[in-house]
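The two complexes that follow have subunit A in common; it is paired with subunit B in the first and with subunit C in the second.
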Partner chain A sequence: MRFNLTAGGAGDSAGPTFLPSARRLAGADLTGRDRAVRWVLLGAGLVPTLMLLFLTAEMVREAIPAFVYSGWGLFTGHVFTFGNLYVTKLTVHNGVSAPHGAAYGALPFIFGTLVSSLIALIVAVPVAVGAVLALTERVPARLQPGVSVFLELLAGMPSVVYGFWGILVFGPILAQHLFPVLTHLGGVLPFFKGSVGYGEGLLTASLVLAIMIIPIIAATTRELVRTVPILAKEGALALGMTQYETAKVVTLPYVRRGILAAAILGWARALGETMAVLMISGDLLNGFPANIYSPFSTIAATIVAMLDSALTDATGMAIHALAAIGVILLVITLVTNLLGRLIIRRVSHGVVLPVGRGV
Partner chain B sequence: MLSSGRHLGVADVVGSNLDWTVQLDEVRVGFGPKQILKGISANLPKGKVTAIIGPTGCGKTTLLRSINRLHDRRPGFNLKGRILLDGESIYAGSTDVRELRRRVGMLFQRPNPFPQSIRENISLGARIHGLWSRADVSTKTEYLLREVGLWDAVHDRLSSTPFSLSGGQQQLLCMARVLAVEPNVLLLDEPTSSLDPHSTTRIEELIAGLKEKMTVIFVTHNLQQAARCADEILFLEQGEVVEQAPVKQFFDDPADPRSRAYISGWAV
Partner chain C sequence: MRDLLRRGRDMLFWGLCLLALALVIAPSLAIIASLLQQSWPALNINLFTNTTATNGLQNAILGSLLLMAGILVVAGPIGIAGGIYLAEFAPPTRAGILRLGYETLAGIPSIIIGFVGYIVLAQELHWGFSLLAAILALSAIVLPYVVKTTEVALLQVPATLRDAAVALGLPRITTLRRALLPPAIPAIASGVVVALAIAVGETAPLLYTVGFTSQDPTLSLFQHPIGYLTYVVYLNATLPTKLEHEVAGAAGLLILVMLLALIGLGRLVARRAARYAAQLPS
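Here is the complex of A and B:
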């Protein structure tokens, strides 16, 4: 925490010292400019932490009235409406007043957020890992840098572009060609039965989310696969194993932990993804999707979609309600992250080994 | 069984007979423009231990890895000439590389067990090649672990990771893993260079015992080890064969002055 930019400060007058004296540690040898730099850097270092604390505190403070008004209903209610904003009649509940008819039940959004991100994850992880194995094992070494550039470009594409493409191209194609086939699964999984709609809904959004997080998971996995010692893979090849068997027996066990971590990164992105989902979700309010093809909504998409009208609520409760579901999203993200870390730690204590040790 | 004529020409090699397991016929190996092996011809006798020796960079390991086609996917790899295994060219289009690698086992410079349980390290290869049924695994695993002398150390933790074993134990495990697929040829690439003296002795004992069942070809930097373990010496320099001779003859009375110079650098 000290930045001694000048050569030989006041504390060094007795000759060159290489051990920091108590005076130097206390900053006694710093000039005024040094001290200024020190404080500026200290401040800069604290900004992220303070920002996070401030943001969370502010969100929670903003959300409290909605939590009081709805109580557990916030988590269990199916109806989310700001009420009638154009009459002065108010509903009072738990001592908090809100526009008449207002109800803040976020369960459909919580459901939508979790389910869409999980479907995305289930689709994305195998595709990303498979793609990486194919790339590293099959694509000639000199083409690999080019392929990586594509991966990174894909990861950096604005989500509104994904959304636009999803609603205009991908959704209709899915509804026409893929979804009718999937309805045959209805016998086993009832969620796949019924009308397939026009391609705006849970499955389309989940698949677009999957496409969005594939580059994130793939980029991380690719770095991991590169760290697998060649010698370890050669052991399998020299035993007459195919590249597929080598990947299964050697490469994947080496990177398993890292893939979990990568998946959690991708999951976090999917949970919070807003714009693309908003554009493709079909934006269902006050209910659950009838089947996997139906419209739905997520917390993030709802906040954006309803912000405008929330600002017109004179009681301010609409904003409180949006802040409340924002806090729920924050908590979900936090919990999944912690859960992920826990899983990673658990896996590392099992049969699977520390990467790179002993080889 | 061993002929003493060295520097064999193509004609000698192609007239293959049952005395040779591996025959090298004007083998040239390069990576891109860089030529590593510049026409190696040699016959490696069946049921014997041949040590490939020579200064660093002479192509020992490159030659060894050509015999189980481990270079195949390296960029720029090219091979001219022929390598025959039991009289059949291993770089012919019809070669089943998996089967070739099963028949030609390899032990590496450093132990490289799979990130799987100790049991699976031994059984996976044999299972994949269809040599063992599920029911065979426990008895055959035990047999192999006893054979390499690891059983007492690991019998109570067959389901745990091999990475908690010592380096020497890991290398013995790798040896058991290779033996499980019943190879006819065993390639050893300085297998003891990272091991303690005790494990080295154990590996050398194993080599001595194995040569009755298979042909052993090993690369070593250690001339004492070559003198201890080998029946035949193949001495390379700069990608060419300098001399091939029975071990006693090579160390007592080498034919080539370069061999003499190389040995005397070591001899006391």
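Here is the complex of A and C:
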């Protein structure tokens, strides 16, 4: 028998290392039945990766005609319309034909996606980090599991329930009580000026998104805070620092990069969120929100909202156009995800950190 | 004076942190409260006996359960097998690539999965709105969780168990079955439970793969749309009348109850499996 004692151990840089132990045996001592089972298991292990490749390839394949038709106009155009689907007249552009009047400018959706998720991030990061600090440093250990339940509850809540709450309860409350107060900021930040509407729009959706990504950021931050060396903290306290100063000088610098990674992963989640935003956004087409309370739309919400009518386009260009904005979303989320994971891997010091919704 | 300032800053900081904690707790309470408040007139037996055509939820409840069963049958075994491969058989480089694969898959927005499911399965393969398309789309979303939890669970089994089994000259499968899997089962089961919880809460990948109908679901895999709970929440919340909102709230409440039941089930399985593992000759 031959043992390979190093493979898969602590030096394995290919992935997170869970235990610094020598565990993988060389393939040489597998029985015939072992080998057969290994093939079956390999097949299963390949499934997620194959799904990923298939999804990406299929999206790109569907999107190409729209990219050819619109070119850079896809990123800079303000008007997104499938054109007149009831006449047979076609517009030909760059050798690709689409229904007359069709234009696929996705800038408003790209804007809506980025801005709503960034506002969510600006709100969620301080709240999540503050809540975790309060939870780990201030709440008695006995009560901590009880309080954590709320975080788990937020993490598990389906996005349509957030949408339901946002449209029927949260949005109207905000429009009545919070937004009128915020308009006073209008002197400094002009986009706070103007009509506050009924609570369906950019700010409501962003705040709901913030609530949705708080548990993601909080879960990672909490595990990171637990890894802060206790001696450094006690040393700071022994020097006579207040707990705030200890947090500022010891804890926060230690977890800073991890929080950055958690924030990026939370951002990725907010970018791709569909149902809650669709329900609360007010669904504005072909334009930018007049102010921060106005209706808007995101890429994900637009795909759901328009897929039905896209089918009626006999040229198939409408589907291609939706695929194209989907590819834009896909690229943005994949880049943010990879970036976040890269940083997480660097800071995790061999601990398994909960990432995103648990992967 | 300076000391007072420092103490003041300390209090201010922790005051703000506690406020942040309150801001985290408040929404979950507010959401549950508003679900109850919006739905209480509709909370009666009719929810279970009527279909959505007559303001009940029977077909949606059955549909959601059916989708969960589908996930259990499809994503459960594939995910667990994949996790076992990654933890026990894959060479390091290949494991790294496959890990990157499932982690990246976990980051793909669910609407993209729904979109491709619709274009390819419903349209190009002519499955129509179908149970199988929905199960495949949901599987793409939950597989990463199952694979990951299985992998981590196996890697956290004490090395002594593995070494002992190898020292006995047991074949790998026997090692796996008798030594490694029993202590790992609680964590694996909790991964599957998380998968089911995600499945019951998803909407975007289902909208265009399984459609919706107010008839009770059938077991046929193709060409038959199925009703499910999250769709009722989505649709009815955007409809105008109070009655529709009540049904939406009731559906949301039922999803939460299912989630809580799943969490409870996960803990129960974990405890059972832990007791079983403790009985094993160590």
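Definition applied: the second predicted complex is superposed on the first by the 304 of 359 C-alpha atoms of A that agree within 3 Å, B and C clash if a C-alpha of one lies under 4 Å from a C-alpha of the other, contacts with A are read in each partner's own complex, and residues count from 1 in each chain.
As a working rule, a residue touches a chain if its C-beta (ideal position, glycine included) is under 8 Å from a C-beta of that chain, and two chains touch if they have at least 3 such contacts.
Because the structure is a prediction, the values reported are computed rather than measured.
In the superposition on chain A, A:300 makes contact with subunit C only, not with subunit B.
Of the two partner chains placed by the overlay, neither subunit B nor subunit C lies in contact with A:83. By the touch criterion defined above, A:334 reaches subunit C but does not reach subunit B. Legend: residue contacts after superposition of the two complexes on their common chain; A:112 is shown touching neither subunit B nor subunit C.
Residue contacts after overlaying the shared chain place A:254 against subunit B, while subunit C stays out of touching range. In the superposed pair of complexes, A:141 makes contact with subunit B only, with no contact to subunit C. Contacts of A:234 after superposition on the shared chain: subunit B is touched, whereas subunit C is not. In the superposition on chain A, A:245 contacts both subunit B and subunit C.
Here subunit B and subunit C are compared by how many residues of subunit A each touches, and C touches more.
Applying the stated contact rule after C-alpha superposition, one finds that A:33 touches subunit C and leaves subunit B untouched. Within subunit A, the residues touched by subunit B in the first complex and by subunit C in the second are 242, 245, 352, 357-359.
Residues of subunit A that touch subunit B in their complex: 140-142, 229, 231-232, 234-242, 245, 249-250, 253-254, 351-354, 357-359. Touching subunit A in their complex are the following residues of subunit C: 6-7, 9-10, 13-14, 16-21, 23-25, 27-31, 34-35, 38, 77-86, 88-93, 95-116, 118-120, 140, 143-145, 147-149, 152, 155-156, 159, 162, 166, 169, 171-173, 194, 197-198, 200-204, 207-208, 230-231, 233-234, 237-238, 245, 248-249, 252, 255-256, 259, 263. On the subunit A side of its complex with subunit C, the touching residues are 1, 3, 7-8, 12-16, 18-19, 21-25, 30-31, 33-34, 37-38, 40-49, 51-55, 58-59, 62, 126-131, 133-135, 137-139, 147, 150-151, 153-154, 156-165, 167-170, 211, 214-215, 218, 242-245, 247, 268, 271-275, 279, 300, 303-304, 307, 319, 322-323, 326, 329-330, 333-334, 336-338, 341, 352, 355-359. Listing the residues of subunit B that touch subunit A in their complex gives 68, 70, 75, 97-102, 105-106, 108-117, 124-125, 128-129, 159-163, 167, 170, 174, 177-178, 181.
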